[in-house]
Each structure stands twice: as structure tokens, then as C-alpha cells.
Amino acid sequence: MKRIGMLTSGGDCQGLNAALRGVAKALYNRLGDKVEVYGIEDGYRGLIEGDYRRMKPEDFSGILTLGGTILGTSRRPFKQMRVIGEDGVDKVERMKDNYRKMKLDCLVVLGGNGTHKTANLLSQEGLNVVSLPKTIDNDLWGTDVTFGFQSAVEIAANVLDNIHTTATSHGRVFIVEIMGHKVGWLTLHAGIAGGADVILLPEIPYDADRVAEALQRRSREGKRFSILAVAEGALSKAEAQMTKKERKLSRAQMAYPSIAYRLAQEIGEKTGQEIRVAVPGHFQRGGSPCAYDRTLSTRFGTAAARLIAEENYGNMVAVQNNEVVAVPLSEVAGKLKSVPVDCGAVLCARDLGICMGD
Amino acid sequence: MKRIGMLTSGGDCQGLNAALRGVAKALYNRLGDKVEVYGIEDGYRGLIEGDYRRMKPEDFSGILTLGGTILGTSRRPFKQMRVIGEDGVDKVERMKDNYRKMKLDCLVVLGGNGTHKTANLLSQEGLNVVSLPKTIDNDLWGTDVTFGFQSAVEIAANVLDNIHTTATSHGRVFIVEIMGHKVGWLTLHAGIAGGADVILLPEIPYDADRVAEALQRRSREGKRFSILAVAEGALSKAEAQMTKKERKLSRAQMAYPSIAYRLAQEIGEKTGQEIRVAVPGHFQRGGSPCAYDRTLSTRFGTAAARLIAEENYGNMVAVQNNEVVAVPLSEVAGKLKSVPVDCGAVLCARDLGICMGD
Amino acid sequence: MKRIGMLTSGGDCQGLNAALRGVAKALYNRLGDKVEVYGIEDGYRGLIEGDYRRMKPEDFSGILTLGGTILGTSRRPFKQMRVIGEDGVDKVERMKDNYRKMKLDCLVVLGGNGTHKTANLLSQEGLNVVSLPKTIDNDLWGTDVTFGFQSAVEIAANVLDNIHTTATSHGRVFIVEIMGHKVGWLTLHAGIAGGADVILLPEIPYDADRVAEALQRRSREGKRFSILAVAEGALSKAEAQMTKKERKLSRAQMAYPSIAYRLAQEIGEKTGQEIRVAVPGHFQRGGSPCAYDRTLSTRFGTAAARLIAEENYGNMVAVQNNEVVAVPLSEVAGKLKSVPVDCGAVLCARDLGICMGD
Amino acid sequence: MKRIGMLTSGGDCQGLNAALRGVAKALYNRLGDKVEVYGIEDGYRGLIEGDYRRMKPEDFSGILTLGGTILGTSRRPFKQMRVIGEDGVDKVERMKDNYRKMKLDCLVVLGGNGTHKTANLLSQEGLNVVSLPKTIDNDLWGTDVTFGFQSAVEIAANVLDNIHTTATSHGRVFIVEIMGHKVGWLTLHAGIAGGADVILLPEIPYDADRVAEALQRRSREGKRFSILAVAEGALSKAEAQMTKKERKLSRAQMAYPSIAYRLAQEIGEKTGQEIRVAVPGHFQRGGSPCAYDRTLSTRFGTAAARLIAEENYGNMVAVQNNEVVAVPLSEVAGKLKSVPVDCGAVLCARDLGICMGD
């Protein structure tokens, strides 16, 4: 008998349920009565507090297209590793205890960068861990793509599309603020797919004067409108020189709710144009996964089940050059996959004449 | 020979091209070679400046699903009526002149409230005018529904849907700011369709304490999340007592980009909950019209063509009790159709236990 | 204490779960602990066989956008009324028995025409019944619109849209077969919204020669493609003269799977054009309801809860002239709401020059 | 001055306009006034007949999301290569003549397998050719993925989704016939994404008894419904043994419009279950490309422009291991990329317990 615990951790995204279903269906199909699956609630919180439930095969029916996660999730159950809980007991020890009490053979973890740090730690502490790379940010090291990413691209591109029709009809300038945390993958792909005229990424700090020039050049060429796709993590060149602390202070003084509003003010002053803002926010990470992500999540899920059957632990399933592979957790943890400034998609954007802010 | 000019004015919305196509296809089908259609550019600006082009039947092919307007549009070509232009000539006189120079038999105007004031004025000045009720706000007097409205409801409800999956997975509070100008139709319908827990409309001024109570009651009942659908024109009870000028001043002092951010701060302080904001903005008014709006726009368009054939001028086409009818422009102009506070949809929301803020 | 049973019967459609949620949420909100809701499985089958379960408020959470029905459904549990079951007991008596055993105060029934015949019968037999009008066919007497209809229109119009892009690129003729049972509402509305060139409805028997002429006229006018939206229940003029039995025999001899294939053959021979067929089938009645249907279903649901609270039984909730009203079941049962051949939407189609086959 | 001709050939698909825009925008951006772009109408037909037009930069505005192709397309302008036209002149010679008359520096060809045979021939005849891999079938050798494919997957998966909700509500068996010509890529990916229970591909000939068994096993396990995703090119084991001619004859005798209807009959008889059919047809290849395809098409387009600038002719742009590369036309032409029967996605399907028919 194999006993498998599963948890989803960090910000939710599309495809979590599809991935859980993939793991579970493949386990049941492979092992039949010889496997028991446990759902751990709200990410690592449930493992710390021993909050879990026995799942049945039918719990995984009908969830392939369902947004969110049926297990719940939580962010940052511990701000620092190894911090002692309120009752004086170390949280990692609690997780190890509960893993043992649950008599798990393997813990399956679905999450992003923060989640993988903990997954690697638990693996080093001797737990059997298999993980799946989940995030709309696509910033996980070791995999070409994470699930959730493409669904978010579809949504953000659709926002750009709709704003396009208004922009062309009215001759206006719009800023759309796109998620992605500290990296620009989502903004870059959605920006190209959505026909943005300016794309600003954290990896390429922007110069507001260059952006203003690009808008003015478009006006001179008779183009009545412009659309800026701006990553939530975009930085000005000045900010890129600051320490993290200085940057935080600098932003607090300006009191804009987010980068889009600041840019609208800044570029608006430089160009004399009225600039409108859309901040679709968490809209980008919710709802049903696109078919691409459903297939990807399902493939990751069945691959995880195979690793479990082979007792090949301590790995994240990943896709590299179109193949699903296993990558050691120790290689993944603590790294960030940023957009290379000379990658194909950036070159494509430059070839189209899109202003990248630099 | 009939010569017909068409223009689209005010904020763009879904269905403008479908309506233009409906007018044109029905005119060509009915009158064949005996009709000429002229597209006037960028709304009344084009009529003031004599900026127009002869349209051909094929110009209206393939635009049924196209967002925006092929004619372009502009807002507020004159802030006040009868204002004298820079060259000393009255703008209304210029429009009358150009109407005559173009030898139009009828001017077809697609627009919202501002547009209809001007349409009525031009009609009173002796021009033959037929209009179509366009706006995502659904605030035009004399028609049960305007085109664009349902498409915007579909989009705003979809935003609420997606945020739902994140909210349930994380146990969070979200505010989604929904368009609608001074009225709450869009927020009310999208809020019900999107399963919002709190719906705040301009027509029902809110008390932030009641909203905070509603959120806390949900927490006590074990509901981990709440979603607030807030109209961009929503007012607090205090604001509802102010003059327009006082309100403007009061808001300027607070310096929030829009109501959602203010509410997030206000309710966040009262409840101690972290509140996230989504402002989809112009995303709601762009893109392809939903099928409902395509049928409605097309029906309005063919009805306008029939009014023109019958030389029945000075009317807006409208839908009343499922029938397409003609309503005199003089009855439409200058009125605002707000949400009645005891209408069926508000009662429905209250029946569901949705907090309306009062 | 009020005990309410709910069942969904007949072909499923979008909005069933939204409507169930509306009834339940409004009952719980209004009556709190003083109401118990029972879900009866698979339509009348569950009532005949005593197959039901106690529902909890959380059973109705998260189902607003869910396609299908959480209660299951079945078609034709009895081909004729009052038929004796295998065990020698009358099925209607069994339903009455189970209603009494369950100690129901009211039975809430969601269904179409067949369902309403039974609902009326049960009401006449003394049960307290409230019903909701569900069907993508929009053929229920007494209500301007049924839920499910608009969602199906959106889907069918989207099929037409996509086929449009292929048709225009290639210069081809396509037939899209659209659902709707014996009436043409869905085909008419989707046909207008999807820009069909020919629309064939059961209410307007077609002459294949006229259809062929329309296609040839389009070719002569240089239009490279044509799209036919054909109701699954469309009839040729010859068929319209036949008895139901003759028609069935005539069709059996031809051995086409459905009308689209027959028309493709018939029109193809007359015009010499190759004609392609798409039969999206049940795709049209599944998936998430559009926002329009979610609001409508919810309004119907809360209205049903109000009727129950007022003990106003024997009615179907309906919408008439934008108001939600109650219509006696006896007025609804056994009637079919066909498309009036001179209704506004048909006139609109004719105004556009769409060939209606006559 | 560079003169570039572009044509789209073969069945249309999503992303053609996005790709044309990518080529053109990158050429104009790179070469400015030093490039002229010519649109050749309806594929090779336009090149044979000298039917083309000078394009302007604005012709490529607003087409990123547009389905179909603004240049038109045609299938099989010559059934065999080198066939002599009606006027006694060889069609290939005519194309070469027109290429010279147009003074083209390069011919850009967007198409699938048939198109690439001709592209390679023209390249061997001395024309400068650059091609882009377009097809929903994903069957082009030399590229990991073609544009159009993912958009079609999204649509076909969506059809499966909607049918799922009906199938679960009613407990029914459905067959959805999915495009893909002679290969199973589309059915395989859509089938996994859409949660199909049976997936039948041309590459894995099916045994109807095994399919019937799978359905009956599901019934025994209490699963009320089953969904079969069947490739239009699926073959029974018996058919796989036949010559192409025998197969054609065998199918003609059975007189089913397509495979889905035949399977419905065959499996229906074996299982005693009523089986319903959906044939979405060309719906799958029309409409707006998904964001994935828009980015991919745009990247292919800009890469083609770079090849032209570098005068690197005789290649197809392709994606291999996430990199956009150039593949010699001679390596692409005449090959078919089938689904390897042991590829990751097939293994994934088997891991889930999906019946593959063998």
C-alpha cells in the first residue's frame, strides 16, 4: 500500500486541479486499491497543523476545467525557514511529524518558487517529495514552462485585444498592467500576442523619456493610439540602480497603488496625452485553464505518478525541449528564471518595432 | 436617390459596427442603387469639419463581430452647446452647413446620452435625424436596453468568475470596479451573474460600516472569501449629501485613482482584512459583441433603415417590451435612466442576501 | 418548517445549476433554519423511485457557472401518463406517495415542455408545485424567454463566426445544423448574430429551389461564399404537407443522419457547388451559462422562492415584458411557442436580404 | 529595394493573418522604404494567374486577431505537379514567369504539406522561397509545432467540455469527431485536455470490440457516461490492412457521412447503448487565433523577415526545442509528421486509463 499526500501552495493559478487529477487518476489507474491519496488543506499550513482528508477517486472527477484548487492554498506559512511556532515547536519538525503520523510514502507538492524552497528543505530532511511547477509567472528554474502561464497569457492578451478596439476608435493611450511578479514572461508573451506598442519588463529597466518618444513618434506617424503592456514588476532605470530598500522607500513616497498609475502620470506629463489605465489584477490567474495548460498539467500529473511508482523522489517534474523530465529539487530551489534580454521573443518584439523602454 | 450620413459618437462600445452594418445592409437591400451611404469620421467632429467618405456595400462586410467603430468616434466635440468655434463660427451651424453640403436626406447617429442631446438639437434645427441607443451603461431613457450593455455584462461577470476561483482558493477579499458611469446597471447585472457578495451602486449610497459588517458576518459563518462588485460611480452616504463640487473636492483630497482603491483602504481598516483590487477598465467596453448584442444591434439597424424609408425622422429606435419601437428624440434627450431601487434585479440581489451597502 | 424538493427534468441546458442555487440561496436567506431542501435525482425518475438526498447550503456554492445539473436528469420516465410500472403500481401514484413520504411542502421542477405537462398533472393531483422554464429551444408558452436559450445562441453564433472566416478565405458553402427541436428560435437568433446568408426554420417550410437560387445569386454578385443556418427541425414544403408518420417514413428511406446532410446533397446537386456540413450537436447545450442566463436563472430562482414563501403554488415563474411573473401551470402545459412568421426578428432577417427558404 | 510576394495556400487556419502581419511589420521596420510587399491572391492560383496587389503597411494593421486570411486561399491548384494548363502552358512555368514579371526578390509561402511540396519545387526551380508552417493538423515535418494547431486544440477541447456537462447530467455516450486529416495530433491533445474516455487516432488502428469493452467497463464501474474523441482519419484494424483504394471502396459501400456516424452505429450495436454524435467540422479551424498561436505566428513572421534580410532562402521557419530555426525546404517536402505511438502524450493518455482502441 502506498500513501500519498498532496498539497497546493502559494498563489493559485489555472491548472492546479487538472494537475491534481492527473496525479490521482494515474495513481489509481496504476495501483488500484494499493494506493491511498490524502488531500492536505491550504498548502503547508495543513501539513504543519495536520489538517488533511482522505480523498476518493470521485473527488477528482469533473475538476479538469475547474479554476483554483480544491485543496485550498496559502501563502507564506512561515516568513523564515525553521522559525519556531507559537507553541515553541519548529514548523519544519511539525511537518515531518505529520508526514510520519500520516504514514506517507510521498508528499506531492504543487507550487512556485517559494513552495519549492520548502519542498527542497523537506526533501533534504528525508521526506519523499515530488513536485509540480505551477505559476502564471513562468519563473521556475529547470522547466521550459510552468502550468498556469499560458492561461494567464490568454487572458492578458484578451484584455489587450479589447482595449485595442477602444484605443483605435478613440485615438487614445492605454496602459495595461500585467502580472508576473519579478519577471516579464507574462507581459512579454501577452504583449506580443495582444499587439502592444510598448512592452516594459523588469529585466529591461525603462527610461520614461524613451517611452514618451515612442508614443510621440507614433502620433507623428498618424497612429492615433498606443497601448503599453507593463509588467507589475517593471522598473525605471533609476530604480534598477537602487537597493531593494531604497526602492521600497522611493515608491512609498509616491503613493501610487501600482506601477501603471505612476507611469500614466509620468508619461502623461511628458507627452501631454491623457493616459488611461487598466489593472485586471487577479483576473489573470483565475478561471478555467486553457486547453494547453490542461494538457500540460495532466502530463505533469501523470509523470509525477510515474516517479512515485518508481520511488524516484526528490524531483520536480518539468518540461525541457518538449519532453517531460525529472529535475532534482536541489537544482530548482532558490533560483529565479528571468527573461533573457536577448531571447527569441524579445528579439521578435524588437523586430516588430515595439518599444522595450530602453 | 437617398443620401444617408452615419456617425458614431461618445465612448465606443460593442455592437457599433454590427449596428452600422444593419442600417447599411437593410438600406442597400431595400433601396438598391437608390441609396448612397456616407461615413462621417470621429462622431460630430467629422460633421463639424466636413470629414466624411462615401461607403460601399463591401465596407460593411465582415464587421458584424468587430469591436470598436469603423467610423471612429470622439467625446465632447463641444462642452457646451452653441459654443463658437475658433474661427468664430457656431459649431451647430457648421454641422447644419455640412449636412446641407453633403445633401443628406437623413443623419443616422449612434450614441449615448451626450450624443442624444446633440441629436435632438440637430433635429429641432430641422435636420432629419434617426438615432440608435448605444452604451454599455444602459442609461438611455426610452429603451429597455441599449446595445453594448450585455457584452459588457458578460465581460465584467467573467472577471468576477475568475477572481472567484482565486478568492475561494485563498480565502481573500476582492474589490472589482465595474464601469457604468453614473448608474449601476452594469454592476448590478454583472454582480448577480458573477456571484458577488456585495454590490454597490450609485443609486443606493453605501455605508462603509454596513459593508464591513457584511464581510465580518461572512467570516463568522466560515466563508473564507468575499467579492465586492463596485460601480465606478458608487457613492458613500456622506457623498450622496454633497453637491457635485463638494464631492469633487473631497475626492481630490483623498487622491485615490478610483473608488475601488478608496474602498479597499476604508473597508480594510474597518475589518483588518487585506483587500485586493481589480480595475478592468476599458477592457469592459471593447472587443467583439456577444451574440445578444449582435442580434439587438442588427435589429436596431434594420429598424432605423425602415424609419428612413418611411421618412419617419426625429426618433431613436428602442426596444420596449421586446418590440423594437421609435421614440421621439425630444423624449429621450437630457434624461438619465437610473436603476430603480426596487426593481426586480435589486430585489433578486436582496433575496440572495447580497449586501447592497445600505 | 418548510420541506422543499427540487428536480431537473428533460434535456439539460445551461443555467440549471444557477437556477437551483437561486431557489436554494433565497430560501435559506429568507427562512434560515426553517427550511429543508431535498435534491431529487435524475428528474421524475427520482421522484418515482424515491431517490433523493438532503441538500446543505454549501451544496449550492460554486455552482453558478457550472454546466449541466448537479441533480442529474432523465428524459421520458414514462412515455404516456398514468402508465402502470413494472410492479403494477401507477407511476403518478408513486410520485404522489413519495412526495408525501418526503413530507414535502412544495416540489420545485425545472424543465421544458414535457416536464411541464407532468408538473401540471401533479399540480392537478393536489401536489404543491412551482416550476422554472428551462430549455435552449425557447419554446415554452407563457414566458418571453427561457434560460439556456441565450447561452445556446452564443455558442451557435460562435460556430457560425468561425466558419465564416474559413468560408470567406476559401469561397465555400457551409451548412451549420442548429438545435431547437421543433421550433426555430435558436436558429433565427444565432443566424442573425452569426451573419448567416440563409436561415431555415421549421415554421417557414423551405423550397430547395429558392435556396439554390439564393446561393447562385450570391455567386453572381461576386460573393465567394455562403453560410446556411439550418434548424434541426427544418422542413421542406413537401414535408410540411405530410403527416408526421409519412414524414418519418420518407426520412427513413433517405437515410441521412440529419437534415444538414440531406440539404447538402440536395442543394449541392442543384447548384453544382460542394457543400460542407458542421453539426455541433450537444455542444450547444453544455458548458457554462452566459452571464445573461446566469442573471435570468438566478432571478427565476429567487422568484420561485418567493412564491414558495407566499404559498402561491401551481405556477411557473416566467418573464413577460421584462418583469418576472407567475403563470398558472394549466396555461403552460401542452402548448408550444413557435416563432411567429412575422415577428420582429424574422422581419429583420428579411430586411437584411437573408433567404428564409420561402 | 526588396520586393517580396506573400501567399497563403491550402486549408485556412488561425494565425495566418498574424503571421502575414509579422512578416510585413518586421520587413517595414527593418527596411523601411526599401521594401515593397505584394499580396498574391488565393494561394498559388494567384501566382499562376498573376493576380496580386501591392500592400501598404496599414493593410497589416488590426489583423493580428482576425481569423482566415486577408489574401484568400485555395486548395490544389494542380492535382499533379507540372501539369499543363488549359492554354497549353505549364503551371510551374507560369509561376516562375509571374515571379519574374513581379520582379520578386523572395516569395513567402504560408501553408501545410501540399503547399510545401510546391514551395520546394519552386525553390529547386531557382526562385527564392521562405515558408511558414501553417496547419491545424500539426503534421509538418521539421517543426515541433505549426501555427493553427493550438487554436484548434482549444476549440475542440471546448466542444468536449460542453458535451461533458450534458453527458454527466444524462448518463450518455457521445462521439466527437475531431479534425486532423491523416494524423491524430489534434484529437490526442484535445482529447486529453477535454477529458475524453476514449481517444482514437489514425496512428493506432482501433478494434471496435475493445472500445465497446471500455464503455461497458465504465458502465459497470458506475460511470454513467462516456465521451469518445475520434480523429476524422481514424482507422479500424481491418481498414489499416487495406490498400487506400480498398478502404475507399469499403467506406463508400457503408455510406456514412463520416467516421463518427459509422462508429456510433458499430459501437451502439455492440453495447446496446444509444450513442450521440457531434461533428463540429470547420468550426475548429476558423475564428481568432489563441494567444499562443498569435505569439507563435508573429515569431515565425519576424524570423521569416530576418531570413529575407539575410538572403537566406530555401527554408521553412520552424520551432525546434523552443528555438525558432530555419529548416531546408528539401527536408520538409513530402514528409508527414505522425504521432509516434509511444510519445509522451500517448503514454500520458494510457497512464490515465484512457482507452486508445487497441
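First chain written, first letter: the chains are A, B, C and D, and each begins at residue 1.
By definition in this document, a residue touches a chain if its C-beta (ideal position, glycine included) is under 8 Å from a C-beta of that chain, and two chains touch if they have at least 3 such contacts.
Computed from a predicted structure; not experimentally measured.
Visitor: In this assembly, which chains make contact with chain C and also with chain D?
Guide: Neighbours common to chain C and chain D are absent.
Visitor: Does the chain A and chain B pair touch with the same residues on each side or with different residues, judged by whether over half of the numbers are shared?
Guide: Counting shared over all numbers used gives more than one half: same.
Visitor: Taking the mean of the C-alpha atoms as each chain's centre, how many Å separate chain A from chain C?
Guide: Roughly 41 Å separates the two chain centres.
Visitor: Can you compute the centre-to-centre distance for chain A and chain B, using the mean CA position of each chain? Integer Å is fine.
Guide: Inter-chain centre distance comes to 35 Å.
Visitor: Could you state the distance in Å from the CA-based centre of chain B to that of chain C?
Guide: Whole-Å distance between the two chain centres: 31.
Visitor: Could you list which residues of chain C touch at least two other chains?
Guide: As it turns out, chain C has residues touching two or more other chains at 158, 161, 164, 168.
Visitor: Counting only chain pairs that touch, give me the topology of the graph as line, ring, star, complete or other.
Guide: ring
Visitor: Which chains touch, pair by pair?
Guide: Applying the touch criterion to every chain pair yields A-B, A-D, B-C, C-D.
Visitor: Under the touch definition given earlier, write down the residues of chain C that touch chain B in their complex.
Guide: 22, 25-26, 29-30, 62, 64-65, 144, 150, 153-154, 156-158, 161, 164, 168, 189-190, 192-195, 290-292, 294-295, 298-299, 302-303, 305-306, 321-324, 344-345, 347-348, 351-353
Visitor: Can you name the residues of chain D that touch chain C in the complex?
Guide: It comes out as residues 8, 11-12, 16, 42, 66-69, 72-75, 155, 158-159, 161-171, 174, 224, 255-257, 261, 276-287.
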